[in-house]
Every structure is written in C-alpha cells, then in structure tokens.
C-alpha cells in the first residue's frame, strides 16, 4: 500500500471537504455564526442532484464515466441548495434579532428541519445515483494509484468551482465587501454597501458550494439523510484549522484535514498503532495542536492586542 | 536625569510591528507622587508604550520596572498586581451589567473573588461588597453619572463610557494609574471637574501617567511632561518649558498652540 | 402503527389488549424497524381476524431512535404509563439490554426482543428473544472459512454490541489467524481506507459483519478500487439493499450465514406471500421474527389466566415448547387454547422457525449458508446450531 | 421579602415575565396534579420523566456556569456527562472491566475526580482560544473522548456498555430495600382508572429524591456564586477579558474555575443518569446531548440559573412530549421525522419570538446583603426588559 | 422653515429601543454652512446624527434632505442621496487596510476611484504612509483621520461628523479642522458634533447647544462662544 495511493484517496475526499469548508467559512464571517445546518445543506444539494438527475436522465455522451446529464443535475443541485439557503435566510435568520450563539442554536433547528424533510421525502435508507459503477483507471494502476473516473470528475469539478470562486473574489468587490460587512455591519451600511445583497450572495455562494460538495459526497459514497451532518464536524475542524473567515484558509484547512483523514492507514504502516477508527480524532487533535501555536488558525488574522 | 523615588521605570524599550518601529529605545522614569504627562503626535507610540508597560504587548527589548520589580514580559494581571493599572483609549463596554456593576469590577483583591471564601466567609464578602458599593455611589456622583447607575453599561454615550472607564480604574486604587486620553470626548465642563479629581487622588498618593491631547488639561495638571515622537522620548520637562520648546511645537503643537 | 390507549390501561374491562413495542423507527437501524412494522401489521391482522379471548390485540409502538437512551424512555412510557404487561423490544442488542436493565428488571413485565442477536442477551434469562444468538452464526462462519481452506482472514465489524459480540465469538472459534481486524462506524462513513487496509493485510478471505447499507458501500468501494477477495458475512449484510446498490458480479462467491426461516414450511410461504402482496417486497428473516413476536404474545395472552406480566411470564415459554401439539398459525393455536387447552398443549412453530426458548430465553434456530451467485443469494446448505 | 411571609409583596416585586412564567408554571403543575389524580398520567412514569428533566436541568446548570456566567462556548457537554456516567458505572457496574461493585458514593467521587481531571486537560489547551475557536475545539476534543470510550473496550467495555449498575441507595440501610418493602398501593380516586404505586414508583421516588439533592445543592452553590464578586468577574471576562486583565484579574484561572465547576455539575448529571438508567453505553457521549443542553440554556435564558432549570424541563417536555406524534396513526406519514421536524421548528420559533429565553436574568447581581438598603435591587424595568441583557437570580 | 435648508430635522423624537433620547429636536443645515453641535455627554448629539443618517428611525417628526423626506430611509440609500457620515466610535473597518477602507467608502460610486483616492492621500499624508496597514493597527488619531477620509470618498453634499478632533494631537486637529473647512469650501454643508467647542465653533457659521435631547441654544457661532451662560454651562468656564 503506497503513500501515493492514500494521497490519491485523500485528494478526492479533500475536494469534498474543501467545498464544504469554503461555504461554512464564508457564512461564518458574513452571517457571524457557526452554521450547524451547513452539513444538512450539503445533504440538500445531494438529494436535489439525485432528483434532478432522475428528471434529466442520462442524456448525451458521457464525460469521465458520468453522463453529461449528471453534470447538469449537479448544477441544478447546487442551485437548489443555494435557493434553499436563501429562503431559509429570508424566513428564519433575517427576522431574528439575536447574537451569534442564538443564531447557532437556530441553525441546529434548521438542520433538524432539513433532515426531517429529506427523510420524509426519501426515507432513511441510503440511495445511490444511477450512474453505474466504475473500476480504477487502468493507466494509473502501474503507478500505484487507484482512482476511478468518478474520482477524477470530483477533483476536477471541485477545482473548477474553487477556481471560479477565486476569480470572483479577485475580480469583483464582493470579497472585500464581505469582509467589510463581517467587520462592522453598521459602518458598511453607512458606507453605502447594500448589506442585504452581500449577505444574500454569500449565502448563495456558500450554500451552492456546499450543495456541490454534498452531491460529490453522494457520488463518492452514498446518499442518506445524515450524510452531511456526519461530515460537519470534520468540516468545522477544517475551517478552524484554516482560520475562521478566511476563504483561502478554509481551502487549505479542508485540504489538510481531508488528507489527514484518508492517510491515517499510513500511521499503522509506520508502526504507530492508531487505527483508522481514530481518523477523525487525529484530525481534531491536529486542529487543537495548530490552535495552540496559532490561536486563530493557519490563515486567521492575528488579533492585534487590545488595539489602541 | 535621575529621580528620587521612581515607581515606574521604562528603559530602552523597543517594539516593532513588522517594518514599523513603534517604540524605539524609549527611556523615562515616573517619580512617585507626580502626575506625569505623556504627549506626542498621533501615532507616536504612546498607546503602544502603555501596552508594553501593562503587559499587553511583549517588548522586543528593554525593561519595565514597577516599584523596583522587573515586570518585563509579565502577564497584564501580574503587572496590575504590582500596583499598576491602565485604562484603554477606546473604552471597554461591559455587556449584561449595569453601570454600577461594571464599576464594582474595579476594586482589587476583593475577598468575594475567591470561590472558596463565598462559602467559608460570606460575612467578610458582604462587608467588602457594601463598602465597594458605597465607593461606587460616591464616585459616580462625582463624575455626574449617578443617574446612570442602574442603566445597562452598554447603553450610554461615547463620553459617558470614557467616564465609566476612568472611574473604574480609580476604584482599583492603584499606586500608579496610566490614563490613555481620559477626557477625549468629554464635555469641557466635566473635564475641569475630572482634573480636580485627578489632582485630589494625586494628593492622596496616587501617581499618574497621563496621555492626553488636550493641552489645557495636560499642562495644568502634569509636571513633568514627557514628549514622545516616533517611538522615542524627544524631551522631558516642566509644562512651561515643553510648551515653548521649538521641537515640540514643530512636531506636535502646531501653529495653533494651546 | 398502533394507537395509544390514552387511559393507559390494558385491563380486561376494555375491549382491547394493548401490549407495547419498542422499535427502531429512526436511526441507524430504521431499515429493520420499517420491515418489523410491516410484519407487525400483518400479524395483528392475522390475530384480530380470530380475536384474543374475544377481544382485539393492539400494539403501542414507540421509537427507540436505534439508541439506548431514547429506547429506555420509550420503554419507560410503555411500561409505566401505558402499563403494558408484555413488551416487544428492541432491535439493537444494546438497546434491548438497557431497556431490560433499566425498566424491566424488578418488574414482572415480559420482554421479548424481536431482532437482537448480541451475545450479552444470553446472560439475562429474563430477557427473551426471537432471533437466535449470534454465537451460532459466528461459529458457523469460523468453520466455513476454515473448511474453505483459508487460514488467514481480515475482519471488519460494525462497532456496536451486535458487531462486536459476533466478532469476539468468531475470533474465539476460528482456528486460523485474524491478520487484520477493525471496527467501523455506520451511517454514511466512507470505507475506502478500510478496504485498502484490508487489502494490504494480505488476507485473501475477508469477513464483514455489518449492516446492509454499510456493506453495500464497502463492496462498492472494493470494486471501485479494484480489490478482490473471498467475502464472508453475517446475515445482517444480506438483502436487496446490497444487491441493488452494488455492481453486478462484485460479490459473486461470497458466503453468508443466517438464521434460517424454514423456507419450505407452509406457514412461512404464506407469510412471505402475504408480505409480498402487501408491500411488494420479500420479507427478511428479521421481519419473520417480529411477526412471531406478535403471535407469541397473542398466544400467551390467550393462554394466560389474566392480563398481567406475572401471568404472561408463566406461559410465554410454554406456548412454544415442544411438549405440545405443533401449531403453525395463530388460528390453530387459538383453537386449541380456546377449547380449554393449556399453554403447554401447544407448540407454536413460527414462520421464523421452531422458537423453543431455552433457559436463557434464546430460541433454537437453524442456520442456512447462502452463496452469492450471479448477483443473487442462493442457499447452499443448512446447518443445525 | 419571602414568598411565604408576604406573598402579595413578593408577587408585585416580580417582573412581568416572572409573573407570567410563575402563573404558567402554576397552571402546568395544577394540570399535572389533575392528570396524576385521575390516573391518566402514571405516577411512576411521571417521576421518571421528572428525573430525566432534572438531569437536563443539572446539565443546563453546568453549561450555564460556563456559557451563561463566563461566556465559554463549551461544546463538550456530552463528554462530561458521559464521563460522569462512566465514572459511576465503572466503579459500580457488575461487568465493569476495571473495578465494579463499589459503593455508588465512591462512584460519585471517582466520577467527579475524573471529570475535573479531564476538564483541566481540555481546558489547558482550549481556554486561551477565542470564543468560536473554543466552541469547535471543545466539540472536537469531546469527539476524541467519545471515540476513546467507544473503542478502548479494555477500559470501558466499548459499545457493549456497562450494566449491572445498582440503584444509588442499594446498599444503604433502609433506603436500599425501601422499594421492595413498600406495599403496592392502588388508589382509585376516579372510578375505573386506579393509580398504581408499585415497585417502580417507590424506586423512582428514591431517584427523584437523589436528584433533588443534586439539583438543590448545585442551585444553591451557583446562586450564591453568581451574585458574588466572583460571578461578576466571570461576567466581566465574558464581555471583555482584556479589561479584566488590566484590572489585575487572573482571567485564565477564573475561566478554568468556571469550566471545572460546570464540568463537575455535568458529571453529577452523568452519575445520576447511571443510577437512573442502570446501564451506560458510549451513545451517552453523542454530541446530540450537547445540542439539547444548549437549547435548554438558551431557551431558559443564558446566565439565569432559574432559566436553566426551566429550560431543562422544557427540553424534556418537548422531547418526550413529541412522542405523542408517533401515536397519531391517522397521519399518512411516519411519525419519527415529523418529530424531528417539530423539534426543529420549535427551536426556530423560540429563537424568533423569545430569543432572550423564557426567564432571562433581569436583576442586578450584587451580593444580597450589600444592596438591601443601599438602593433598589432592580434596574429600571423598561431598559432591562427591552434589552434582555444583564444577569440575575 | 424655508425650503432651501439642505438638511432639516423638524420636531424629531428618537431613541434606542424604548428609551427616548431626542425630544422635539429641531435643527437645520443650510447650503455651504458649517454647523457645530455641542452639549454635555449623553445629551443626544450622536443620536441626532444617527437619526439624520437613517441609523435610527425618527419616532415622530421629519427629517428632510432638500425637499425630500428621508426619515426611515436606510443608511445605504441615504449615502446615495449625497450625505456622508463619520461615526463617533467604531468608525473604521479594523480588518481592512487603509486602502480597502477608502475603497469601501466609495462603493456607491460608479466611476474610477483611483483619482479620488490619490487626492485624499495628498490631503492626508498620514494615510499615504500606511496605505496597506490594517486599520485595526492604527493609532487612535490615525483612525480618526481615516474615518473622515472614508466618508469623503463619496464627495458628499452634506457631511455629518461626530467629534472629528477627539483623540487628535493639537497639530493634527488643526489640520483636520482646516480640511473640514476646505471640504466645506468645495460646497459641502457640514454638521459637526464637537467637544472641543472653542475650536469647533471657531470654524463654524452657526452652532446649536443640545441638552437632554432638546436644542437649548441656537445662534451664530461667535455669539454662542460669547454667550456667558453657554460658556459657563457647557464650555467649562
């Protein structure tokens, strides 16, 4: 069992965690709370993709072992997750007049509602996309890499989405406005920033990426109502590791945590007898260890003393 | 320059933030019983110096001595235990408390701050609490904010917050009190009263180190005045001398003077 | 699902007998719970066609969320609020045990678990179960693997009471070397690392003790990584969920052991037909157990002098004991009892097998060995336990 | 002014919310008494629910002293609850792999020591962190604890759990045999629906008695602590730690004190649970418990001990009350997701319409004997209520 | 009240939650004016500005900009009307650099910001030095200057400033007052709260004295300075 093989697995899992982390981090900084419904937003994206795929069907040719219809369905799933998040924001969060912990608790309620609705609609059983099964890509096997075309599809799509986000943040004011708003909402409004709109965009981007992450998680694994919630803790670890509020930190954190979780067997190989059942535990310990050295995460902003 | 009874000695203190040198080999002493003024242009490093002295920043070099003890690099609470208390330039809000409660945090070494004593010695706790409460009532009156006593401590105006900040620090009854622009934003009438307060406390033995841009205020209160510029001490002397010092006028006072 | 009798009584004045059931309606074992409910409805239909002492039987079902604490709360409500003298429950072994220890022990309520196979239940004679202890399965698996000529095996098991106890029993019984063992979490976890570790252990035989969804994922992960091994499994890994969610041919040759429902028995056939008609899917052995729980309860009520835990406790074993006349349906049993027969005059032969609770409250059972051929299960051998 | 000596004055002295809540509680108690008397609600089931509710209240007390008093966002409630339960179970359970069979009192001691040690161990790395980082760090470490308890069966019996736990008073004179020797009573106040007081009733009564001791003790300690300078210092830290430092307070030490105190109370809840349930498994460390306790504290009103008490009871009422949904057989859909849905919606609605909680702190918290004659002990009503700030009891 | 007031508060009551602060407050600002608002701490000066700028909605009374009622509009819309605001506290984005702070000040502008920023850097060399420093790390005085500059990016017609000189060194304060005058000269009407009443009134055309939410005195700036009562009660003798 080679390092490279674990790394390949890690890359796929990381891609999913990264998508989840970016969204969580964005919402964390804009809406100002740890959104415990984020995992379930991923679930929403996955199931929406499932439904959309059922409607669109396996139309057209296939790319990377996936019918082109799947990618279409993926976009729909992403859009649905974003739409659900926007509606939730309008109906639930916006009218609230409470601090961040209150919002956090509310988001637990929202998570329950999402999950209950999905369970009502689809049952508690796990489901798979009807995209067939694939075997590892032959050409890579000699190098000790066992990756399927689906795996490649996940990594590539995630990379495209992340690159798109990067462009968006670099070439528009949105990223800066988001930061300004997170910093001081009153002053942001006084400066003329339409905070409602910025908030809405953050939700759209955050939830959309989460939706995509969920859809990939379904492809990587299976769909089931608790799927998103199960990875939420790991995503939190990634976001914290990267530093709350930093999109690029979240990418880095997601990558590191995803890799750590999937590379756990290496520890046993080098003689550290920690089973893979402790994979998440090791991820959390790494997170805490990093926080000890850098209390605001890898890319988090240092808190400048007491200020002037 | 050497002084008789030094309570605070800052020696060759250095601090940089990246390329920016905020404190540049600053050296001065504060003599017991004085009100020492600390002035200098915006960004001269005055607040940074306070942060270094009170333990909120770790200096890159140099030493801070309080009452003969070297406190360089100590935690803020340890520095405070040596009798040095500072206020913040931007006043701190205490959520979920009334103004009166927020003031009661001030006094140091309250027996009621020990969890054990709450149960072993409730009588003493109550006694001290009553005493502190009386002190709070008194000082709030003096600061003309007694009508705010039971208001939430967050729901007060900018100037009122500065007053609470100052009053609380006074309640701690430290030997040395570092005030960072105590009267910025405070109404002129009240400013005069605060000056009297400071003077009175000073007569009772508290030593002050005072940052303030209000020249009328500083010059009437402080002696000596230390001038800081670009992180190091430009000059030090009695107020008159400082006010007529060309260097100071250039760097700080500007054409308008007082 | 049954209705609650708000008065919370099950005494003879009213015209229904209400018993309780704790089932996994949600949570990791919700699969089992769903099928159980179908079987229970079917059983109630069959019972109430005939009646129990001229009255109806009703079951109040509470959800355990597949977890101990909610399970105990559910049982507390049924036993202390609804005053049921007979409690069917629960699915998970851990849940059954905690219900027994916290609620049942010290009272005279009869508890009969529908689906728990954990070894620990054997130590609690007061806790009856319809499904046989997993030990028999583990021993059989150990034998089969050895017989197939593998002296090295890699094992993974679900990390709950069920999986762990089956694994322990297997390890004890197996002659060869367990070169790799690891428990795994349920519910949507990814098993890529697990299967790659199993692969790198070098063992050619892999034993998986887990549930259907988890197993389907595992097999898919194996397939997509191109690993190959001779698979073995417990009964809990068998089912349509696995067949539907794994690639064609990916499990061929796999062997499983499971408690045998006597498929050739008429009453099983009838049960299976009725089940398929109603729900459009084949019953599992687990649903047969749930069905038998209800029938056993109904027969006990019919046989007992009064509707109390004490009275039911006295007869519940007897109605399934070999001393009496073999009956294959509630109707037949009811006929004998109604004629003045006593509990020991009948021996209910369930749709899941002969039952016959032993002194530990475990049923007798036989096992069937299945093999996956052309992506479907074929039984290849019966084994007595 | 005591409620007994001067009920009228006491009532007038309550804020509008307090009057409202008191009246509502009165009505509910009345309703429960009616249900019990008419035999609709079985006393032993009621006592069991009461025990569960009290357990949540204890957990809420613990969290309240960390979050409500000090602003520590602790997401490891379930871990300390589980440690308490395991501490007691490992010492007393019959299949304990370590040291079963000891007296439950010894179990309490071990549980508390265990909780204190782990609290310090978790506190050292995390208490220096900023609030939201603290939240996730504690959540993560709690998960580590859970995984260890789950997988290290040589110490914990793993997922098989620990059983054979005696009831708390099992080895005590008189109390040990109390449930057995008490006669089974059947009282029929309303014809046709008798009230049965049997073994489980007496057993549950003992449990509730134990609970009341735990609850009462914790409440008394917390109440005094909160109104003391110690509590005020914690609130200062919650709001502005730097300020507290500048005033010479060793904030790290105080945060640790609050963290350990809260953890001990949570562990106490765990101990109670072990002897209520007589069976403990790793599921107790599941983070969902943490979420429920948070809901309880927020629901009750952060920073208020009475609120935490109330919140604990409300959460159990929601959780167990929503069981009724399962009984609604005419609904064409499954009950269980509906129940999840109901709980979710309820959380959202409470946060929408009563975000400050049911009984938020409304009075100043100054040492009682110090304010009696100095000044009115309550701030201007309007301000406090509008903001829902402050703290109390 | 004549129609040519640029900004006018008419009989405004306002406050926070249930707490009333402004009580029948009436004042106005005419084109090209600098008006100084003084008064004791807690008088409601900041509240006046916040109400005028939409951070608080007037409970009763009207807030008019030229002839348009703007009471109840959101701040982000009021900015686009041409009013700028420098708050008393929390008036910079701490986690953004100076450059970014200034750019945020101009989000409501469609044109290229660069020339405007360059002008501002010229005017405030203090900021020019530290373009890419985080605002959080500025000294108190530096932040005060940045806060003013941020509001100026919009080149507003009306500027509301809350205590521009608080925390400024004497020479910097002089500079800022000079800047205020300069801005005013470019046709921006200015309503300014100032505790440094002598200097504040010194550069103003008119002044108001606010106490307990109500206007107590209203006069030409010089007249107010000379008013014995005002001087005694509010200017510290």
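All chains are identified by letter, namely A, B, C, D and E, in their written order; residue positions are counted from 1 within each chain.
By definition in this document, a contact is a pair of C-beta atoms (placed from the backbone, for glycine too) under 8 Å apart; a residue touches a chain by one contact, two chains touch by 3 or more.
Each chain and its UniProt protein: A, D = Branched-chain amino acid ABC transporter permease; B = Probable branched-chain amino acid transport ATP-binding protein LivG; E = ABC transporter ATP-binding protein.
Everything quoted here is computed from the prediction, not taken from an experiment.
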### Task
Starting at chain C, find the fewest moves between touching chains needed to arrive at chain E.
2
### Chain of greatest Cα-centre distance to chain D
E
### Message
For the interfaces A-C and B-D, which has the higher count of C-beta pairs in contact?
### Response
B-D
## Note on the structure
If chain centres are mean C-alpha positions, then the most distant from chain A is chain B
### Summary
Between the Cα centroids of chain B and chain C the separation in whole angstrom comes to 75
### Query
Cα centroid separation between chain A and chain B, in whole Å?
48
#### Entry: Distance from chain E to chain D - Cα centre to Cα centre, in angstrom
51
### Query
Centre to centre, by mean C-alpha position, how many angstrom separate chain B and chain E?
29
### Task
Would you pick out the residues of chain E that each touch at least 2 other chains?
19, 137-140
### Shared-contact residues (touching 2 or more other chains) in chain C
26, 30, 159, 183
### Message
Two-or-more-chain contact residues of chain D, please, as numbers and ranges.
### Response
151, 242, 246, 334, 336-337, 339-340, 383, 387
### Residues of chain A touching chain E in the complex
173, 176-177, 179-180, 182-184, 186-195, 301, 304, 307-308
### Query
What residues on chain E touch chain A, complex-wise?
53, 55, 74-76, 79-80, 85, 87, 90-96, 100, 103-105, 107-108, 134, 136-140, 143, 150, 154
### Task
Within their complex, state which residues of chain A touch chain C.
1, 5-6, 9, 13, 119, 123-126, 128, 132-136, 141, 146, 148, 150, 220-222, 224, 226-227, 230, 261-262, 264-265, 268-269, 275-277, 279
#### Entry: Of all residues in chain D, those that touch chain C in their complex
39-42, 44-45, 48-49, 52, 150-151, 153, 158-161, 163-165, 179, 192-193, 196, 198-200, 203-204, 276-279, 281, 283-284, 286, 319-320, 323-324, 326-327, 329, 334-337, 339-340
### chain A to chain D touching residues, read off their complex
28, 34, 36, 92, 95-98, 100-103, 105-106, 108-113, 115-117, 119-120, 233, 236-237, 239-240, 244, 275, 277-278, 280-281, 283-285, 287-288, 291-292, 295-297, 303, 306
